[in-house]
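In the two complexes below, chain A is the common chain; its partner is chain B in one and chain C in the other.
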Partner chain A sequence: MMSGARLLVGPFNRVEGDLEVTLDVAEGRVRAARVNSPLFRGFERMLLGKGAMDALTITPRICGICSISQSAAAARTLAAAGGITPAPEGEKAAALLHAVENVADHMTHFNLFFMPDFARADYAGQGWHARAVARFTAMTGTGLHAAIEARARLLHIVGLLGGKWPHTMAIQPGGVTRAPTMRDKLRMQAGLRAFRAYLEAQMFGAPLEDFVALDSITALERWTTGDVALFLEIAATAGLADMGRGAGRYLSFGAYPGPEGHAFAAGLWVNGAPALLDPAAITEDLSHAWMLGRTAHPAAGETVPDAAMRAPGYSWCKAPRLGGLPFETGALARQVVDGHPLARALATEGGVRARVIGRLLEIARTQGIMEQLVAGMIPEACFMADWTAPQEGTGAGLVEAARGALGHWCRIEGGRIVSYQIIAPTTWNFSPRDVQGVPGPLEAALVGAEVRAGEETPLAVQHIVRSFDPCMVCTVH
Partner chain B sequence: MSQIETFYDVMRRQGITRRSFIKYCSLTASALGLGPAFVPKIAHAMETKPRTPVIWVHGLECTCCSESFIRSAHPLAKDVVLSMISLDYDDTLMAAAGHAAEEAMRDTIERYKGQYILAVEGNPPLNEDGMFCISGGKPFVEKLRYAARDAKAIISWGACASYGCVQAAKPNPTRATPVHKVITDKPIIKVPGCPPIAEVMTGVITYMLTFDRLPELDRQGRPAMFYGQRIHDKCYRRPHFDAGQFVEAWDDENARKGYCLYKMGCKGPTTYNACSTVRWNEGVSFPIQSGHGCIGCSEDGFWDQGSFYDRVTDLTQFGVEANADRVGMAAAGVVGGAVAVHAAISALKAAQKKTQSQASKEEA
Partner chain C sequence: MNILWLQSGGCGGCTMSLLCAEDPDVLTLLEGAGLEFLWHPTLSEASGAPVRHLLEDLRMGHAPLDILCVEGSVLRGPNGTGRFHMLSGTGRSMLDWVRDLAPRAAHVVAVGTCATYGGITSAGENPSDAVGLQYDGAHPGGALAAGFRSRAGLPVINVAGCPTHPDWVTETLLMIAAGEMHAEALDPYARPRFYADHLVHHACPKNEFYEYKASATRLSEMGCMMEHLGCIGTQAVGDCNIRGWNGGSSCTRAGYPCINCTAPEFEEPGHGFSETPKFAGIPLGLPSDMPKAWFMALASLSKAATPPRIAANARADRIVVPPSVKGPK
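Take a look at the complex of A and B:
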């Protein structure tokens, strides 16, 4: 690769939605990266003037793979605006729906989006290549088929509680629309047992509790079973631990709220130490987005696209910042903030391997959470509090989607939506530069990535991009 | 003849046994509402017809259609259909990346000129010369036109491709436009829903691949076999509607008893789709079964028909039948569904003519 070259990479497949990355390359390394989210639909504008409750139906359509996350955030936003407290059992059922979707998304990412890269001819000659081909070749690998089937069965739980997936409508500000029967409960328990069996036979190849008990990178590297071991072997030879390292700043809004608090804690992790999350310190910087207006907190923000697409804008994506700094969000961030020892050990590593292990760790831990939620279900309890649609008020709904922190902020007047702003996880991760010129987390993580001679779509860049599990349709909505 | 790869060859290559193949043919026949006599016909077609390539492209959308598709009910059906269409080009699921992927699409188009089916998920936004959806450095609408030019037929997956869906909701900031408003010279089959049911998607595609023609369409261009009846017609809560027993508030006593959700804003009485028969997530349930009304996602413009939680106002309890029949007058002709479908097996060309004449009728 000549020095000083510029490379436009994209469109990316096996990411959800459209994405382009411009790379400045010198001496075989990425010097600077600019991420463009080339798809804009204008949800925040469509919501204006609609009845408050319609947010429950419209916002999930932002994304077909994390629609329950959007639905949960909308329900919490409306609940906050209307002073509604969900029925405790309903809140737990909503948490279960959400957990199932997040785990299903992690399954899709690992098996369908991330691992197929290692079945490519570029890696022929590696000791593990034949196994990666058999297991993870796109659309035909044995691992893919097993995962799709296990995932579809897991989603029966959403079918039972929510009627359909994607675009489930069961989650409401006051709880959920369906009170599960004892029969539903037994079917869900059977479904979770089947899913655990898949995880323990194939993905982890051992009891999940053994994986959850890992407390250091040394212990992790001694794991020898399942797809996880294959991934670790690949990570070791392909240098995934040091590839695409982040800045070590992690954000989590807290996952699965319940009457006793979040199952995974809310908070920040900055420079190797925990910190409190203050949502009031969030801003959206528009300096490098094709958006008109000024930097503002989302409760006071607006979304006015600049149709002229003027420089220095280079993306439809706004740049969310917390206390003026970019933050990485996702499964790794959630597990780090929640204080899992393995995740904390991986927090400083913070590269491709850490992000993937963060997700696998979360699958193993969430299985336990889902089992507890179902076991604790009381069919005869009330699943929906008494409530009416909010007429006046402001509210925020902060949840954790599979890909990280998702926030909705709304203002309602006369029963109508007069302001609605959404910051999705990939908006954080794939944000463009801010007014200080500070790049977003992906842009920063790409700096230093290897670009081999003749590579049009550098492998390292693809691994790094996919390690974030981007959801581009959520990013810009 | 011998060097042309058939569906059957492809399936066998993908490791599907003869036994599974025959089972699949029976499943398909029943899913499509065809009698057992059609099983050998389907089998024969698949053994002798060359495989039809499929190109699957994504515009403004949320990928929920793909998500639905990969969760098809019968694992066998899903495996077979996936191996059969083998998605010569699909930018979400395929192995190749970046420019190699774009080349794969060009190759497929060149190699199978006039032979392939184009499946479109999402739609093109036309405002600002299409700049709101850029794929491969070009507006998606250009990719769509390019891919459509040599396609044999087009499937519009979901409400986005069929009607515009959520991004076309007022004020439609990007001027998101359904496929049939952009491509006007090809037979287009609409498979609306947000998303469509997986089995409906595999059913439609199997039908087209097996019989090399479009299934019978209703006046809106939807396959009549799946969109011929209202949710309301086959809803398991229908007896409660007829008895005047309604849910009055979420999770009230009536909700627990499974009463009708009409007063909670259910759009089942005006929505044509297969949810209440085929159901969702491998037949587990459907929205009404989860206690939430139908939002009418397979109907044109369902986003801008007032709140999803307002009851359907142009219906009165006793006038329902008359009104609904009027709504679906054209579709009512094919409520008999299956019979009409294979009685009038029309070649693709004929279907094309019909779609066009219907389109011009609607415009007139």
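Take a look at the complex of A and C:
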């Protein structure tokens, strides 16, 4: 390939929303990447002047795949602003709703978004190709169909507790709108047993606890069953371990809060060691976004699009930084921060394989969390505390969506929203450069990716981009 | 028949909802009806260059297009340029793509309330100047003119809902494939009548509470949500409570109000989504086709006649008084 060639990659599908990547290519490698989130809707502006409670209807509609995450973040933001403590059983039910969505999203990612690339004709001749074709060909693969069915049935739990998916209004600052009965509890347990049976028969091909017990990369590579084994075989020959490696800086806001803390811990992982998360150190840099204004903490931030789309802006996405640094967020980050030994072992590897395994590990672990949440549910208890809508106050709601750290920050005056800022997981992962010229995590991970002669949409680039499971509609919102 | 699916200024939730179709799953269902995707952003293998070539071929009329599905509002901003959503890799706005491709399609289907009427993307100050394909809110004429007709002679088919029920989308596509989608199959806002001829109120489990105006006063109580909590299921079109969502549920079944998400301008109700606007203590919105005087008379009568069981349950978060059981004769 000629030196100095530039590739414009898009429409980039099998990600949630629209994405465009510009690649500077030389000697068959990506030298620099710029990620553009090409859709601006302006949710933060829509919310201005609305009644505080309207955030519960409007913000879930930012995203059709992380809808409950947005809902949970909004409910916690309003609760924080109004000094509201949710009923403990309501908090449990909300955590269950959220966990189901996150697992459903991981299922969608692995089966519909990520794996179909290995059924491509480009990989004909690989020992595993026929199996990848049978299982994961887009639209027709047997694995894909099985996953769609299992996911739809799992989401019956959201139906039961939340009415529908996406865009439920069931999660409120004081708890949830529907108190499940004993019959509901037993039905949810039956649903979870069916989902476990699918996972153990097809995706993992073995008891989930065996996968959760893996504690090293060596142990992982000895896994021989299910779709997971096919992925590992593909990863080994396609070089996915070394592809798209990140900086090893991970962020998690902590998932599924309960009386004993989060089920998955909050924190940071930096340079091979844990570190404390200080949300006050978060800023959004606007230097390369089509946004007017200054770098600010989201509690003081604003969203003013630059209609002229002037350079050096090249994306509608702002650039979140923590202590001035970009951070990667997502299932791998969550599992690393939480301290799972396999995830810690993969933290340094930090590439395409590590991100995918992070997600699979989390599916296996979250199944256990969902089972415990339902088993511990007390139908006689109260699921909604007494509360009134906040009239004055500020609040933040920090949650973990499937794709990572999601934060809402709001200020309410006279019952109305006067400021509402959102930083979504992919805002972190797919951020543009900051004022120092430091690229966002995806932009950095793409450097060095192989571009074969004649490739217009390089496969390695596709694998790396999809390994982050980007949600572009959340990114800019 | 082939389908091109584009995602514009929306959340992608209608596709996510579509994947919840069951018995059979959506892919099996569409394949069985002879429907295949030329391209779908979530489901197809092709990315980048081959997609650009496909879009260009369709635009130039070099390849036939049977059904164009658009999910999400069409963004006209900033300043009418459509640049708030440039379809990636193409250097052109989605606004331009939609205007070019729609006349090529035998049928144009707007999927979701964003695509039909502007929806939530047009809420508040409508920062992106979002509109629906053929409506701007309740007003005819959106990204496409009010007089637009697809090659089959129909206006844009508006599968409204936020999100859409998976079956509303699949059954619309099945009707098109079966040659059964005619002008008479659409309501005045061009919504398919198979679901728009029903009200969300139909088969709502709170109907007995409604009959007596035994009302919930806060979310989580079991009573009817019309009087205090903003529910407009008696006016909203949709068979939500007849067919059920995600295993048979619905918004009202889960204890929160119907916000009329199948309607134009639902995103700006003019009051909080879970508050009922009232005048002199009387809800402003009346059930569809109900004369006001009769509604008031019946409501006051039925309120007075509310059995204690229903009054107690309406204010509780679970059944506290079961229906009495008759002893043996």
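Methods note: the second predicted complex is superposed on the first by the 477 of 477 C-alpha atoms of A that agree within 3 Å, B and C clash if a C-alpha of one lies under 4 Å from a C-alpha of the other, contacts with A are read in each partner's own complex, and residues count from 1 in each chain.
Methods note: a contact is a pair of C-beta atoms (placed from the backbone, for glycine too) under 8 Å apart; a residue touches a chain by one contact, two chains touch by 3 or more.
A quick note: this is a predicted structure, and the numbers were derived from the prediction, not measured.
Annotation for the three-chain superposition on chain A: chain B and chain C clash.
Once the two complexes are laid over each other on the shared chain, residue contacts for A:307 go to chain B and to chain C alike. Once the two complexes are overlaid on the shared chain, A:19 sits against chain C while remaining clear of chain B.
Residue contacts after overlaying the shared chain place A:41 against chain B and chain C alike.
When both complexes are overlaid on chain A, the residue A:383 reaches chain B and chain C alike. In the superposed three-chain arrangement, chain C is struck by just one stretch of chain B from 24-32, 42-50 or 240-248, namely 240-248. The intersection of chain A residues touching chain B with those touching chain C, taken from the two complexes, comprises 8-14, 16-18, 20, 38-42, 45-46, 50-51, 53-54, 56-58, 61-65, 67, 112, 116, 119-120, 137-140, 145, 148-149, 151-152, 155-156, 158-170, 172, 175-179, 305, 307, 309, 316, 382-384, 456-457, 462, 473. Listed in rising order, the residues of chain A touching chain C in the complex are 8-14, 16-20, 36, 38-42, 45-51, 53-54, 56-58, 61-65, 67, 108, 112-113, 116-117, 119-120, 137-140, 144-145, 148-149, 151-153, 155-156, 158-170, 172, 175-179, 181, 305, 307, 309, 316, 382-384, 456-457, 462, 473.
Partner chain B is touched in their complex by these residues of chain A: 8-14, 16-18, 20, 38-43, 45-46, 50-51, 53-54, 56-58, 61-65, 67, 87, 90, 112, 116, 119-120, 137-140, 145, 148-149, 151-152, 155-156, 158-170, 172, 174-179, 305, 307, 309, 316, 382-384, 386, 389, 456-457, 462, 473.
Residues 7, 9-17, 19-22, 25-28, 37, 39-52, 75, 77-79, 83-90, 120-121, 123-128, 130, 162-163, 218-220, 240, 244-257, 259, 261, 267, 272-275, 317-318 of chain C are the ones touching chain A in the complex.
The touching residues of chain B, counted against chain A in their complex, run 14, 58, 60-68, 70-71, 75, 78-79, 82, 86-87, 91-102, 125, 127-128, 131-137, 165-167, 169-174, 176, 194-195, 249-251, 255-256, 275, 280-282, 284-292, 295, 297, 303, 307-309.
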